[in-house]
Amino acid sequence: MELIKDGKRIDGRAPDELRPIKIEAGPLYRADGSCYLEWGGNKIMAAVYGPKEAIPRHIQDSTKAVINARYNMASFSVEDRKRPGPDRRSQEISKITAEALENVILTEMFPRAVIDVNIEVLDADAGTRCAGITAAAVALADAGIPMRDIPVACAAGKVDGVVVLDLLGDEDKKGDADLPVAIAPRSEEILLLQMDGHMTVEEFDEALELALKGCREISKLQKEALLKKYKTFEEE
Amino acid sequence: MELIKDGKRIDGRAPDELRPIKIEAGPLYRADGSCYLEWGGNKIMAAVYGPKEAIPRHIQDSTKAVINARYNMASFSVEDRKRPGPDRRSQEISKITAEALENVILTEMFPRAVIDVNIEVLDADAGTRCAGITAAAVALADAGIPMRDIPVACAAGKVDGVVVLDLLGDEDKKGDADLPVAIAPRSEEILLLQMDGHMTVEEFDEALELALKGCREISKLQKEALLKKYKTFEEE
Amino acid sequence: MELIKDGKRIDGRAPDELRPIKIEAGPLYRADGSCYLEWGGNKIMAAVYGPKEAIPRHIQDSTKAVINARYNMASFSVEDRKRPGPDRRSQEISKITAEALENVILTEMFPRAVIDVNIEVLDADAGTRCAGITAAAVALADAGIPMRDIPVACAAGKVDGVVVLDLLGDEDKKGDADLPVAIAPRSEEILLLQMDGHMTVEEFDEALELALKGCREISKLQKEALLKKYKTFEEE
Amino acid sequence: MGISSVKKDYLYRLAKEGKRPDGRAFNEYRPIKIERGVINMAEGSARVSIGHTTVLAGIKMDIGEPYPDTPEEGAMSTAVELIPLASPDFESGPPRADAIELSRVVDRGIRESKFIQLEKLCIEPGEKVWIVFIDIHVLDYDGNLFDACSLAASAALMNAKIPNERFEMGEDVPMPLSDPPVSCTFVKYNGAIVVDPSLDEDEAAEARHTIAVDKKGDIRAMQKGLSGSFTVEEIKNNINNARIISKDIRKILEG
Amino acid sequence: MGISSVKKDYLYRLAKEGKRPDGRAFNEYRPIKIERGVINMAEGSARVSIGHTTVLAGIKMDIGEPYPDTPEEGAMSTAVELIPLASPDFESGPPRADAIELSRVVDRGIRESKFIQLEKLCIEPGEKVWIVFIDIHVLDYDGNLFDACSLAASAALMNAKIPNERFEMGEDVPMPLSDPPVSCTFVKYNGAIVVDPSLDEDEAAEARHTIAVDKKGDIRAMQKGLSGSFTVEEIKNNINNARIISKDIRKILEG
Amino acid sequence: MGISSVKKDYLYRLAKEGKRPDGRAFNEYRPIKIERGVINMAEGSARVSIGHTTVLAGIKMDIGEPYPDTPEEGAMSTAVELIPLASPDFESGPPRADAIELSRVVDRGIRESKFIQLEKLCIEPGEKVWIVFIDIHVLDYDGNLFDACSLAASAALMNAKIPNERFEMGEDVPMPLSDPPVSCTFVKYNGAIVVDPSLDEDEAAEARHTIAVDKKGDIRAMQKGLSGSFTVEEIKNNINNARIISKDIRKILEG
């Protein structure tokens, strides 16, 4: 299977082009903040609860809030049904997601508290961890959690030897390398970075730059979604 | 397989007839209250402990006692050996059993306490949840737990299109519907009611009336068993 | 397979002969006390942490320290890979090991404390529970835990009808009986004793005497290992 | 979990006046919305809202062995996930008794109404059958999960195809179905019995009664829950009301 | 768990005078009662009482693959369930170390005495063998579970049939057995060693010694438990006493 | 877990002066020691020390079915056990997120560099393949487990044989391998970035960056961890440093 043909990818995109992205802030009624995100074939719902007292007490941190992120794939979100409950992959993603989000949240303002961040992957087509972080960031902002920036994530990668932005499922499976990145967009500090595959240092530099470009574009969409919600509020 | 032939059921019973039932109050030495029940092919042991302080504290209710019911089938009580430990079915039965019993127990008298109700199915031939509640009620009375009534349970159902009382194993497997019911016999309020299968509204009304009739008969046996134990005490 | 030929065992030992044993006290940097033990084909690492406050509180004993022993086999220590985590065998061994060690530790000196004893079987060739206790005892002494004696363990058994000392893997699998014993060497009180197989009373008496002889020899090696470590300290 | 006593008193007072906190009549259902085919990866899916309560059901199928006692029938399995996304009261971890009861009641409604024609899901008798996994994610919990989950499960099944292509067994075909059950749930508090409880009503409820009704108005499954009781008369009333109300719900489901 | 210090002092004082709280001699067993065939659904069963301690053992059999190292032998598995029905100290949940040690000691007694003739439970070498599940439910715990469970397991096996009919393999036949082991347990407190401990004695015990004796009086399995110690002399005495006492128990078991 | 604020202040102060608590330069690795073939029962094994940190990797192999999407390839599995022997902060029980992340990063380094030639571990396409279990026991935790575990895994694989004899498939042969990855880990605290963190540095670390480099100096896997951040420049510097440092580590590994 050729992944790049005449400079175009299997879904017709240019190498540096994102898949279509739709972000909705605040779709859920019960959650303190929420976000629904469609990104190519991915559908993600994120919800934030808190800050609230951390229970049981032994998980409390007396100096700051604890970020409890839970990345979960719905059983029906993948080709072969996934057994419910956390597997090792989702536990790793939950951990690095919590760490990336903790970076920007002003956790010192809420000692002994917990902020629950729930990310549900409802439909999956590669790039769900980046989509999850991007959605969670909007949900955190929607919940009014004080943050020094709104994080955003996007992957770059390499397929058929070409460095490309935002891999879809078949590119991820048959490609050469994947590089998910999350940043704090103002400072462009890197909050999350993973890589697997095979890249020369030059390819890595190119891919990282491409991922940053993707992050910048998506950051705008996040802010538009939040703005839209607040406008709707004002209009009401 | 014909389940009804010449108006008789496979074990020779009439449609509105119960299987033989034997109830013994207080057979166990350690438990605060206990009951051994044989009901057709079912053999049930129930034991009650408490009221005692609920531990850990977070399960306490400051306004009343918590009823902790545990319905459990012995590995050897069914045709194909059951793996030890609670499965989803027994967890559901434990929950609705606790709810049915809580209705009649004067839980407000024992804030922060727990009353443990253990129901062990030692031999099973359909109707074990009704048998379990019936036995647990006697064990509660035997333990001296204050109750506004002694609950009792019995199932009705439909086999070969006929509404019948108290299904046995093959009737349950091959029958059309099953309707387990628990009541507080004085007021005939319904504490537990489940149904699966297919019944018209008319059939349901008939089956419910039959189940109530069964409950009334068994209620007498419960009281006789309790009386017998106390008589024995007095005679000693 | 003949296990005894011309009075010699499959590895050339006499019936009352131990396998080669090497004991090193204090090989680990982090642990409060540790021991590395090679005993025939067995390789065991033991580490002791504590006494330290027992957490959570409900495991505390207000009159003495709790001994928390954990016997664990590495996945790669046996022919067919063992799944990580405790199985029923290792839970039983952990329990009787903790009980044997508790006997000699002056636990009353540390109320509300816990002493963690970790025994890792890295390479296994029969007799690992005795090797584990022997190593744990050295680790406890290395940690400076006050004990009224340094326990020691060794198995005897019966192969091809002959009572022998210290069974190796093939003797254990194909032999007639196994008798692991742990003692407090000064008083020769028996701290641990298990037996499986088939022995007459006379054979048992002979095997027990042989196991005690083994214990006495190994006790010397334990003391030499501890002495060597302290000498090294003094020389430094 | 747990409703404040102030709110409970308020509900009790309203109930005595024949009113509900959101202004509905005792027998009035909230608006229902069904979106079908919302998940690409699933064999079938539906997102159902009842008021603010939203649940998402997805169907996945796999090939496996039949149960020994039904060698010529496919198998089905229903699991409701009360994920912490949907409510501050839901916790991660293995399903608790609440979620298990819910799953099993939804399952019984489908199973006992023979909604899935399991006998048409046999591939090789005794060897290979289709297994239908009905997974239901609660996304927003604002009361009455029993009906929402049941409705989502039915709608998702009606949207599902047998994935023959993925298993290299020819073309996809629709899921073989008969008429769906419709679930109707009542709760009782302070003597009042209301249909389709909102969150506050769920939390104030003393007793709950769920009835799965088929197209003819017959009863296929029933579950009384919680520690409160019903009289025989109340049970019968609930059934009559369920038969009436379920007709409207069925129109939305089949529409 | 845990005995009050007053009660402990009382036991200690009695022990010094050579007495036990229930008036038994140190080497005196409580009355044993065995009822066989009490469970219809089981392949074999027995309810055993030793004093007020009551346990129920049921045998179930299934067909499975043999272990790779014994391709021509059936398999056995023993599990004691310390269900919370039997004692305020037993908790629900996965078995704790206590129950595991107990299960394994009972299992070893049966296994090492070759009571079940596993080589006769082979159906097709390397492919299909009978698996014997020995499940023991403790119903009333008043001391000495090691012996009660062992006795119930043996009696249930002696009552068991191979369920050939259920598996459409011909007629049921008796379980192939040799001579049963008999388990005899001693505990030591304050210097005294007593057989068949009552509940109070179990709780006061510093050391425990269980010996499984065969018909010839040979030893088949042994377990020393708890943190107390025995002298070599005490171990030998226990063995001698076990050989004597087990003869009476064997009569009841084989009777 | 958790470093005292006094110690942290001390590390911070040193870092500002370009110093580390054990006197190393920022880019200086601790001494590495590798012992191979230390476990008889394992197909291959290695004990690796980096300073006082010691880990033991053992390789076991078994025959199983291939994954459906790679029918002609063997399979591999990597598990790091943070056993309580190695640190007062490690607990028994199922692996926590720390151990899972560690296992998965070690696994990715090996997998993405195609170190094990999985296509040579096929026995019968679609039916039988070798499964390689890489189990890593941490024995002494004094910092930088990512590199220690990765190094031990590689060394153990290089020491391993395919156990054909045990499975009666002929003679044992060496594990089919290509070039090993070399993992290099940096942590950042108070603005300083140091390689091969000691325990105190691990505990003071705000951000962590692990890079798996192949023989040519290309990148095969990478993981940024913890809640701190890196600038793009810092990431690139780490990569350059990893390419240099990994050459020395590779010599020790291949030596």
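By letter and in written order, the chains are A, B, C, D, E and F; residue numbering begins at 1 in each of them.
Here is the rule we go by: contacts are C-beta pairs under 8 Å (C-beta built on N, C-alpha and C of every residue); 3 or more make two chains touch, one makes a residue touch a chain.
Note that this is a predicted model, so its numbers are computed, not measured.
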> If you take the chains that touch chain C and keep only those that also touch chain E, what is left?
Replying inline: none
> Moving only between chains that touch, what is the shortest number of steps from chain C to chain D?
Replying inline: 3
>> Report the chain whose CA-based centre is farthest from the CA-based centre of chain E.
In response: A
> Using C-alpha centroids, which chain lies at the maximum separation from chain C?
Replying inline: D
> Distance-wise, how many Å sit between the C-alpha centres of chain B and chain F, to the nearest whole number?
Replying inline: 58
> Taking each chain's centre as its mean C-alpha position, how far apart are chain D and chain F in Å?
Replying inline: 48
> Counting in whole Å, what is the centre-to-centre distance of chain A and chain C, each centre being its mean C-alpha position?
Replying inline: 51
> From the C-alpha centre of chain B to that of chain E, how far is it in Å?
Replying inline: 32
>> If I count partner chains per residue in chain A, which residues reach a count of at least 2?
In response: none
>> For chain F, give me the residues that contact two or more of the other chains.
In response: none
>> Going by the touch rule set out above, what shape does the chain contact graph take here: line, ring, star, complete or other?
In response: ring
> What is the order of the chains around the ring when you begin with chain B and head toward chain D?
Replying inline: B, D, A, F, C, E
>> So in the complex, the part of chain D that touches chain B is made up of which residues?
In response: 97-98, 100-101, 103-104, 108, 111-113, 209, 214, 217-232, 235-236, 239-240, 243
> Where on chain D does chain A make contact in their complex?
Replying inline: 38-43, 45, 52, 54, 56, 58-60, 62, 79, 81, 83-88, 92, 94, 133, 135, 137, 139-142, 166
> Across the complex, what residues on chain B touch chain E?
Replying inline: 28-31, 41, 43, 45-47, 49, 52, 70, 72, 74-81, 84-86, 116, 118, 120, 122-125
> In their complex, what parts of chain C are in touch with chain E?
Replying inline: 88-89, 91-92, 94-96, 99-100, 102-103, 179, 184, 187-201, 204-205, 208, 212
